[in-house]
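Look for chain A in each of the two complexes below; its partner is chain B in the first and chain C in the second.
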Partner chain A sequence: MLGLQILIDGFAIGSLYGLGAVGFTLMFGVSGVLNLAHGGIMLVAALIGWLAAGDLGLGTYAGTLIGILAGLVSAFATYFVVVRPIQRSKAIPREETEIFVLTGTLLWGIMIQVGMAYLFTDNPVTMRPLIGGIVNILGVRTPYNEIMIAALCWIAIGLLWVLVNRTQAGKALLAASINPRGLTLLGFELSNIYLLVWTIYGILAGIAGVLLASFLGLSSANAGQLTASAFSIVVLGGLGSVSGSLVAAYVVGYLETITAYLVAPTLRPIPALILLVLVVYIRPQGLLGRR
Partner chain B sequence: MTRLPRSSALWIGALVVIAMALLPFWVSAYILSVLTASYYFGVFAMAWDLLFGFAGEVNFGPTFLIGLGAYTAGIVDNQYGLPIVVCVALGALAAIAGGLLLALPALRLRGPYFGLVTLVAVLLLQNAIVIFAGVTGGEIGMTVPDVLSIDGNVNYWYALAFLVVCAIILFGLSRSAIGLILQASGQDAVEAQALGFNVTKHKIAAFCISAVFSGIAGAMLVFYEGAASVDTIIDIGIGVQVIIAAVLGGRRTILGGALGAVVLILASEALRPLGQLNTFVVSAVALAVILFFPDGLLGYALRAGERE
Partner chain C sequence: MANSRETATQALRRLVQGGTALVAALAVAPAVSAQSSAPIKIGVIGEESAVAGASITKAAQMAADDLNAKGGVGGRKIEVITYDDHSSAADAVRAFQRAVNQDHVNAVIVSYISEVALAVEPWAARLHMPTITPGAASTLISKHVHDDYEHYKYMFHGWINSAGLADTICDTTKDLLVGPYKMKSSVIMSEDAAWTTPLDEEYQKCLPKIGLKVLDHIRFNPDTTDFTPIFHQIEAKHPDVIITGISHVGVQPTVQWHDQQVPIPMAGQSSQATTSSFWKDTNGATEGVITSTAAAPGVALTPTTISFTDNYTKRYGVSPSYDGYSSYDDVNIIALAVQRAGSTDPDKMVEALEKTDYVGTMGRVQFNGKDSPYTHAVKVGKDYMAGVAIQWQDGKQVCVWPTDICKAKLKFPAFIKLPQQAAAQ
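Right after this comes the complex of A and B.
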């Protein structure tokens, strides 16, 4: 019984983690940017969605859409205010761009977190479930919402797969992650591709933020934790490898759920951290990383 | 750079230090206490700059080394009541052990991977402290029975003397052959090796040096404040502040770290009336500095001098 409970909860959490991490890893693969404001963007999506659904009285569905839109807007803000100026700056040496992007997005993430805490306080907010009701799966009482969240995550990931593998723009994206110079030689404008990847990233992070708020609840204090977990899932799976990130998301999701149920809820993040250190030592390219 | 004659640069330095030493006779005890804490932060930032600016290692977890030093010293003092000097020395040893632990992956991993390991090291230390709450005080924090001094002025002078000694040693190191070799191996490890330098040895040395200074500074901070807690010493937010201070002051300048720390902490004290928005403004200013003056305050000043 407990085993099944762990199986179901871990699956839902893993799906959410996966969705959050996929955009993060895609962005790294395509443009080499590690966005440490990731948690902040999810936070904006969740809080704006919650505000629109509750206080503005637009209902859960409209609120969800507005939240996703807010995630997209804040992803664009991150790109245009922080990342692009650093990438184009002449004063920053090429080989140090990476560390400047890391530091810049880190500061930007702190600004988002503190700004949101100022506007919304740091009490956790919980979106109303997308659908109510509870279903009994072999004796485990499971909210429909939990099933719906996992399904939505997989729909979003599936759409992403179609976009990347079956459309012209998506193939260009894939090509950019393999050889950006070759792509520019073929006449593609690299900055358009970056814009596309930030759009995809913003939507994915927005969906993940809103769904997380509806499943577990979210507060501005969580932003750093969210970035750290996305970062570690992505490294665990192999930087830039989308399928690796998905596998790693479930590994972390299940490890955390098992620890929370069988050992102690307070130790929840520890086994995943230890696993991460071990993997990084033994296999630095991650579970499914290339190189 | 319009090279100041070495002696006149020395004179300016000495004058600044003397002016800083005389501050207790001018400013209020409150400002003095803020400055005291900022001097320890200055050492954190300088030690971080040695690793990042020179050895090229992105250490996201300066508080791992600081926290090891601080908590070891605090726990030893609490449990065995040894004299402060011994406690600080033991704290420094623990920090060196931590530095070696970090140096191991640093020799194998590059860029973001190593950054992540340091981040995880901080999270694990934080969790360990909460789990062993019996000895460490857990989330509430712990108090130590001994303090450096109960006199604010004396505390300030201790911190200042410590900062000056660290600055001289670290600055000297960075300008020595070791600093050059570190810089070379940070920028192109293969080429540095081809030139016959033992990159591994130098990197390990850099980690140990950075760890010693971080650890001692952390331990002294505990004995200055008489308390240690996860939120004030180990939290990732504190590590971010150290990084901001070093980048704000100017990478690869060592002394910039101390300048950045003092500016950063004074600024966040001055902005305290803003309440919650304080951190927002400080981060925004730091971001603006990174975007527009990526060389930092000191780096920018040096560049300006160079152009004249």
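Right after this comes the complex of A and C.
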């Protein structure tokens, strides 16, 4: 029964981690941007969703949609206010752009976090679950919400797969991650592709933020940790590799859950971090990395 | 030549002497008049982004406004200067130093966090600044005063300390759960913090005395976000009740307890559940939670309880957290001590504070003397400060203890299995 409990809880957590990390890694693959404001964007989605669902009285479903939209808006804000000006700046040497983007998004993430703490306090918020109640799976009391979160994550990831592999725009996206120069030679406008990847990223981060708020709750104090966990998962899976990130998300999700149940809840993040350090030593390209 | 030089030197000396006297006179003059009409300045350090910490500054400001509306105390206005320590001990110490050295306050009210109060305490001693914490609970705060009185006498503890809190909770649990529901076992679930160390020690002593076996004792990291494994561990022991010690966390364990339908009631201390906004914060998941607190809606512990709660709620849109009551009282206590001392001299103020006998918003406030191991902590008990217990029922805080004042019956959500029901199945 404990085994099954771990299996179920780890799956829900892993799915959420996966959803959060997929957009993050896709963006790195396509545009070389590591967005360290990631946790901040999830936070905005969760807080705005919570505000809309509760205080504004729009209910859980409308609140969820508004939260996702808020995630998208803050992703665009990150791109247009922070990332694009750095990428286009003539004052910053080409080879240093990535470092500047890294620093810029890190600072931007801190600004979001502090701003949100000012507006909403650093008390955690929780969205009401889309479906309440529990179901008994072979003796394990599982909230419907947990099952639905895993399902929604996989629907979102599935839609992303269809988009990337089955549509014209998606194929261009994939091509950009392999050879951006070649793509520009074929006459594709890279900035449109960047815009597309930020749109996808914003929606995915928004969904992850809102779902996390309905599952465990989210506070402005968590923003840094969310970025760190997405970053670890992506490095573990291999930078830029979507399937690697998914595998890594479940590895981390299960490692954490097993630690929490069998060792101590307090030590939860430790083994995954040790694994990360080992991977960086032994297999720097990550589990499924290309380089 | 020599003569005239001598005269010049003498003249210069006279000038310097005269000037010094003049400067001294100027410096003394305002000090003298300060005795009569200058405002009493109180520095208030709170935690604006925390549920409990935000009540401290708000209630203190309200207390000052209320006193000033009545013309102040002894003809002196009360001026409250607020600081936000962002829940950080380092920030609190900086705010304290600024309050004393730059803003020249006469007393300080500081924090609901024991770690913060303990960090500020040596500074209160060093800078000779009468200081009261309205919300911290660690027993160490007053133990320091007891162990080294001459040094630490400037520190006062204005809230029921953890040991007193645990005893009160044991009394509550006995009257509410052990008696009527025949509960026999419990698990202690506390956040790992300075205030819960003495709390848990006392829980472990007093729970068996009221007939509740302690099956497990869980201290978790306040950064915990997923409480599923903790609830799972608790459930495996099959206790009749979870006795909580939570203050920094609140929303997440409560919501997850509700969403996962953990069938065991939660009672004890859940500080965030003491404010009215907790219902909204948890989307109603707090239904059925029992917690100790300062006062309950509509229950007149003293003649001012209800009017304070109502005025605060009207002004700020939420009800005061437990430390709002003590913070409001502490402003009054400090102002009255200054009036009794006839001065803002710190040592005279400490003497006057020690003689405090004040009926505030939640009970009668007196501080323990040197002979008590908890020197300068508020006296706890039926005749002094005792607090009440509330349960969240249908979106409202309902007073359920002490049972002679609060007659409401307990009501639990459907997913809770009580021992009698469990036996019937």
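In this section, the second predicted complex is superposed on the first by the 291 of 291 C-alpha atoms of A that agree within 3 Å, B and C clash if a C-alpha of one lies under 4 Å from a C-alpha of the other, contacts with A are read in each partner's own complex, and residues count from 1 in each chain.
Keep in mind that, in the parts below, contacts are C-beta pairs under 8 Å (C-beta built on N, C-alpha and C of every residue); 3 or more make two chains touch, one makes a residue touch a chain.
What you see is a predicted model, and the numbers here were worked out from it, not measured in a lab.
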Mind checking chain B and chain C on superposed chain A, clash or fit? fit
Comparison of chain B and chain C by chain A residues contacted: B
Give one of first, second, both or neither to describe whether A:G54 is in contact with chain B, with chain C, with both, or with none. second
Is A:V277 contacted by the first partner chain B, the second partner chain C, both or neither? first
Which of the two partners, first being chain B and second being chain C, lies in contact with A:Y118: first, second, both, or neither? both
Is A:I68 contacted by the first partner chain B, the second partner chain C, both or neither? neither
Could you say whether A:A208 touches chain B, chain C, both of them, or neither, answering first, second, both or neither? neither
Figure out whether A:L216 sits in contact with chain B (first) or chain C (second), or with both, or with neither. second
Partner chain in contact with A:A228 - chain B first, chain C second, else both or neither: first
In the overlay, answer first, second, both or neither for which of chain B and chain C A:L34 touches. first
Quick one: smallest Cα-Cα gap between chain B and chain C in the superposed arrangement, Å? 6
So which bits of chain A does chain B touch that chain C touches too? 117-118, 266
Chain A-touching residues of chain C, taken from the complex the two chains share: 48-51, 54, 87, 192, 220-221, 224-230, 232-233, 250-252, 255-256, 259-261, 272, 280-283, 285
Mind pulling up the chain A residues that touch chain B in the complex? 34, 82, 85-86, 89, 91-92, 95, 98-100, 102-104, 106-108, 110-111, 114-115, 117-118, 224, 228, 231-232, 235, 239, 266-267, 269-270, 273-274, 276-277, 280-281, 284
Within their complex, state which residues of chain A touch chain C. 2, 5, 9, 13, 54-55, 117-118, 121-129, 132, 134, 141, 143, 145, 216-217, 222, 257, 260-261, 265-266, 268
Contact residues on chain B for chain A in the complex? 52, 58, 105, 108-109, 111-113, 115-117, 119-121, 123-124, 127, 130-131, 187, 236-237, 240, 243-244, 247, 276-277, 279-280, 283-284, 286-287, 290-291, 293-295
